[in-house]
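Next come two complexes built around chain A: one with chain B, the other with chain C.
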Partner chain A sequence: MEQIIANGLYLGAQYALIALGLTLIFSLMNVLNFAHGQMYVFGGFITYSVVSQLGMPFIVGLIASAVTLAAMGALIERFLFRTVIRRSAREESTMLLAAGIAFFLDAVILLLFGEKQRGVPKIVNGVFNWDFRLIMPYDRILIGVLAVAMIVCFILFMQYSKAGRAMRALAQDRTAAQLMGVDVDRYSMIGFALGAMLAGLVGALLVTITGINLGMGGPTSVKAFMMIMIGGAGVISGAIAGGFILGMMESVGLSVLSSFGDITYLVIFASLMVFLAIRPQGLMGKPWG
Partner chain B sequence: MTKMLSFDNVELYYDHVYALKGVSIDLNEGETVALIGANGAGKSSILRAITGLRKIASGSITYLGERLDGRPAAEIVRRGIAMVPEGRRVFPLMSVKDNLLMGAFTRTDRADIARTLESVLARFPRLRERYHQQASTLSGGEQQMMVIGRALMAKPKLLLLDEPSLGIAPKLVQDIARAIVAISRDEKVSVLLVEQNSRMALSISNRAYALSTGQIVLEGMSKELLTDDRVKAAYLGGDI
Partner chain C sequence: MPSTNQTPLVEAGAASAPIRESAVSPRRLLGVLAFLIVVFVVVPVFIAATGRWDFYYTLTSVALLSIGAAGVWLTFYIGRINIGQGAYALIGGYVSAILITKAGLSFWLTLPLAGVFCAFVAVVIGLPILRLRGVYFAMVTLVLTEVARLTALALPVTNGAKGITSIPMPGAVSIFGIPLIPDFSTLANSKLAFYLLAATLMVLTYLVLWRIVHSRLGHLCRSLQQNEELAASIGVNIAWLRVLTYAISSFFGGIAGAMFVAIAQSIYPSSFVVQDSVNFMLYCFLGGLGYVFGPLLGTFLLYFGWDLLSAAREFQLLIYSGSMIALMLVLPNGVLSLFDRKGGSR
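This part shows the complex of A and B:
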């Protein structure tokens, strides 16, 4: 039991971090970033290159991934989304663009890093063992703690910094934020960069545990969407709740349902459908429309 | 008197429908000017044109001797124009404190911001009581006080008010009117007031313009307009 909860919390922290990036971009720009999973994979490969190929310490790989993805996010917002939003009022346009970027990034990843599963050497050795009730490798604990620390930093940044306040204002009332002097273009770019950076950070964290491969992008995007559907799109607390709930469901499912075969996600999808039929706006979201 | 703001033959349209047809107005430093007229007469369009939320099609807007039209909304705030938008537009999930701090977004001197914050809280003691509450939990009147306070946090030279009495309990409309008079007196701020409650608007302003279908149809001293028969018939009939 302790083991299942610990696994769920560890997974949930990573998931919450992914969902936070996605929900930030959605709330600021009303853009569903279908390329979020690919950004995560890209971040993992950057860390792999820096740590495994160049032999640098993990922290350098983590920072390199964060910086690369932030820059990528800023450029994507500036030259792709901003242009499309300016020319088209239809939401499908940005959805198509996001889907296109997802395929494009898949191709870039294949070209740059190949199709093989990649990983980095363990960053810490040893296993925590609490009387065989809870067994957890130290590197998982470290990565889990780092993820939680990043979530806390993100919340503090959004809550207390001027830029964070501006982004919350922009998400809650775009026109009023403009009237306060918030430069919409500038903060859309910052928000997109920050969201992409979060995806890159999770990629860097998880490459140390599970490794990374080209095929992980799409499924990760789908999971991220599920999390913000559970929690309520565009709400920070909702993304965190959704991340931990999905992490916990996966952890419980993988141990409880394992005797029935690989049906965890089948059960999760089915329960999500029932849940959304009852509460389409998610746990913390406001009703649509 | 120094001229603060002037519209010269401004035209503005939404999707090919005229909102303003050659509007010229002036506002001097220290003045409170009211814009009255029916729904859809173009009053709010004038404010949106000033704040840069809407681009004008022709004519010019001059503010303190410089062209204002064509500049981005953020820069216009920085130049000292703050707006209280129609329908209040609070940031619903933010605390009163954060809402007020957003008003000072373009300012950088923290000590100075703290002084303004203190003066806003002194002016609206209700906001101090609700300081850490979410804005969505405030009553309509409290929200209106808050967004006026939010605009003052920018330390504006020109304050634009769009329908501050809309959706407010009649009892509180007088409080709002008194607050506007006090603000223009204490803060040495010029006020451009858009109101459907013409009687209130005329009783607290120095001058007024009446608009109808995007054009100025009447202008004059507010005191005189209050007793003008045409104004009485057209604008003061229903509301008390």
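This part shows the complex of A and C:
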């Protein structure tokens, strides 16, 4: 039982971090970022290149991933999304653009890093063992703690910094924020960069444990969508709740339902449908604030 | 040339709705006729002349995918972004495959049955999820494709990951001893037969779609697309309308899936995945959401373009996605907005 809860918390911390980036982009721009999973994979590959191929310490890889993805996110927002949103008759057109970017990133990853499964050596050795009731490798604990620390930093940033306040205002009401003197273009760009950076950071964290490969992008996006649906789109607390709930459900499902075969995700999906039928806006689905 | 008193009417139509003229003008009829000639005469002649028999498979796929895309387009017509058409294609394919192999039914009977079953599933699923809007609906339909795949893996009747293979080809059909359709397995050139069949289905689908859009139902759908509360307040039964449209859309998806299975003679849980669902949506967006024939053009451009780009080998995906992004930047309202005479009025 302790093992299941620990696994769930560990998974949930990472999931929440992925969902945070997606929900941030969604709330600021009303864009459903299909490329989020690909950004995550990209971040993982950058850490792999820095750590395994250049032989740098892990922390350098982590920073490299964050910086690269943030720059990429800023450029994508500035030159692609902004243009399309301005010219398009429908907001939904950004979906096609996001999907196109997802394909594009897939192609770039394939050309730059190849299709093989990649990983980096363990950053910490050893296994935490509490009387065989709870067994957890130290590196997983470290990654889990790092993920939680990042979530806390992100919340503090959104809550107390000037940029964070501006972004929350933007998410609440774009026009009103603009009238109050918020530079909408600038903070949209920062927000997108921040969201992409979070995806890159999760990739960098997870490459040390599960490794990374080209095919992980799409399924990761689907999972991130589910978390947002559980918690409510565009809500920070909702994304965190959704991430931890999904992580816990996965952890519990894998141990409880294992005797019935591989149906954990089927059960999760089915219960999600029922849940959304009762509460379409998710757990905390309302504007930020 | 429109007379002077007709012009304001056309203008008003353009402002309120993307589809301008509902009357069948001679010019439009000519265009449709030309399209039919190209599909049924020019393409087979061209392929026979050049010997590129592989184009048949590509074009058959285009025809079938555009049927599915037509369904996605119809759901968009009520203001919902549907990224779950792959689920219905999978369901339709499995229904057809199971009925043929287990119950021994003829393919021609299973084709409509697959569509009807999908429509039924769509009603059951649609009743709760059609209450969702915007990205929520989009996301839940995206998840639906995953659900369909996992269900196919888990159910005993679908034979799990091994799938259903060696499904017999469509058999002969005759009425009162007059053979209407020959047995596909005896044909020397089944590729051509499948192409003609798929093209016929495609033409029928778009005929139905065009008819729906220009009927009372189409007008009601447009009212839903613009403002559901307002539509409901003037007495439109929005719940019923949503489910009906979604069922029709899924019917198309089921038919397309069943046809694919007949061609491939096999189906696996991974025959239609999330990627396919997303592609169906992309076809609609690229062609233009305001135009009935948008999904058709979008499917043709994207699928055929992808096929032609295979010459670029490892750069295939890069060029494909790059041109998709570029196209989006230049024509964010779809390729067909190029022919929009009023240019940027909407």
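Heads up, the rule we're going with is that the second predicted complex is superposed on the first by the 285 of 289 C-alpha atoms of A that agree within 3 Å, B and C clash if a C-alpha of one lies under 4 Å from a C-alpha of the other, contacts with A are read in each partner's own complex, and residues count from 1 in each chain.
What we mean here is this: contacts are C-beta pairs under 8 Å (C-beta built on N, C-alpha and C of every residue); 3 or more make two chains touch, one makes a residue touch a chain.
Remember, it's a predicted structure, so these values are computed and weren't measured experimentally.
Chemist: Looking at A:F225, would you say it contacts chain B, chain C, both, or neither? Reply first, second, both or neither.
Modeler: Second partner only.
Chemist: One more residue to check, A:R165. First (chain B), second (chain C), both or neither?
Modeler: first
Chemist: For A:D183, using the defined touch cut-off, is the partner it touches chain B, chain C, both, or neither? Pick first, second, both or neither.
Modeler: Once the two structures are laid over each other on A, A:D183 reaches chain B alone.
Chemist: Which partner does A:D173 reach: the first (chain B), the second (chain C), both, or neither?
Modeler: First partner only, chain B.
Chemist: After lining up the shared chain so the two structures overlap, which partner does A:F154 touch, if you call chain B first and chain C second: first, second, both or neither?
Modeler: So A:F154 meets neither chain B nor chain C here.
Chemist: Please indicate which partner A:T83 is in contact with in the superposed arrangement: first for chain B, second for chain C, both, or neither.
Modeler: second
Chemist: Between chain C and chain B, which one touches more residues of chain A when both complexes sit on the common chain A?
Modeler: For chain A, the partner with the higher number of touched residues is C.
Chemist: Flag every residue of chain A that touches chain B in the complex, lowest number first.
Modeler: Those residues of chain A that touch chain B are 162, 165-166, 168-169, 172-173, 175-183.
Chemist: Considering only the defined contacts, which chain C positions touch chain A in the complex?
Modeler: Chain C residues touching chain A: 76, 81, 125, 128-129, 131-133, 135-136, 138-140, 142-143, 146-147, 150-151, 153-154, 274-275, 278, 281-282, 285-286, 289-290, 314-315, 317-318, 320-322, 324-325, 328-329, 332-333, 346.
Chemist: Residues of chain A touching chain C in their complex?
Modeler: Chain A residues touching chain C: 26, 30, 32, 34, 80, 83-84, 87-90, 92-93, 95-97, 99-101, 103-104, 106-108, 110-111, 218, 222, 225-226, 228-229, 233, 261-263, 265-266, 269-270, 272-274, 276-277, 280-282.
Chemist: What does chain B use to touch chain A in their complex?
Modeler: 51, 53, 72-74, 77-78, 82-83, 85, 89-94, 98, 101-103, 105-106, 150, 154
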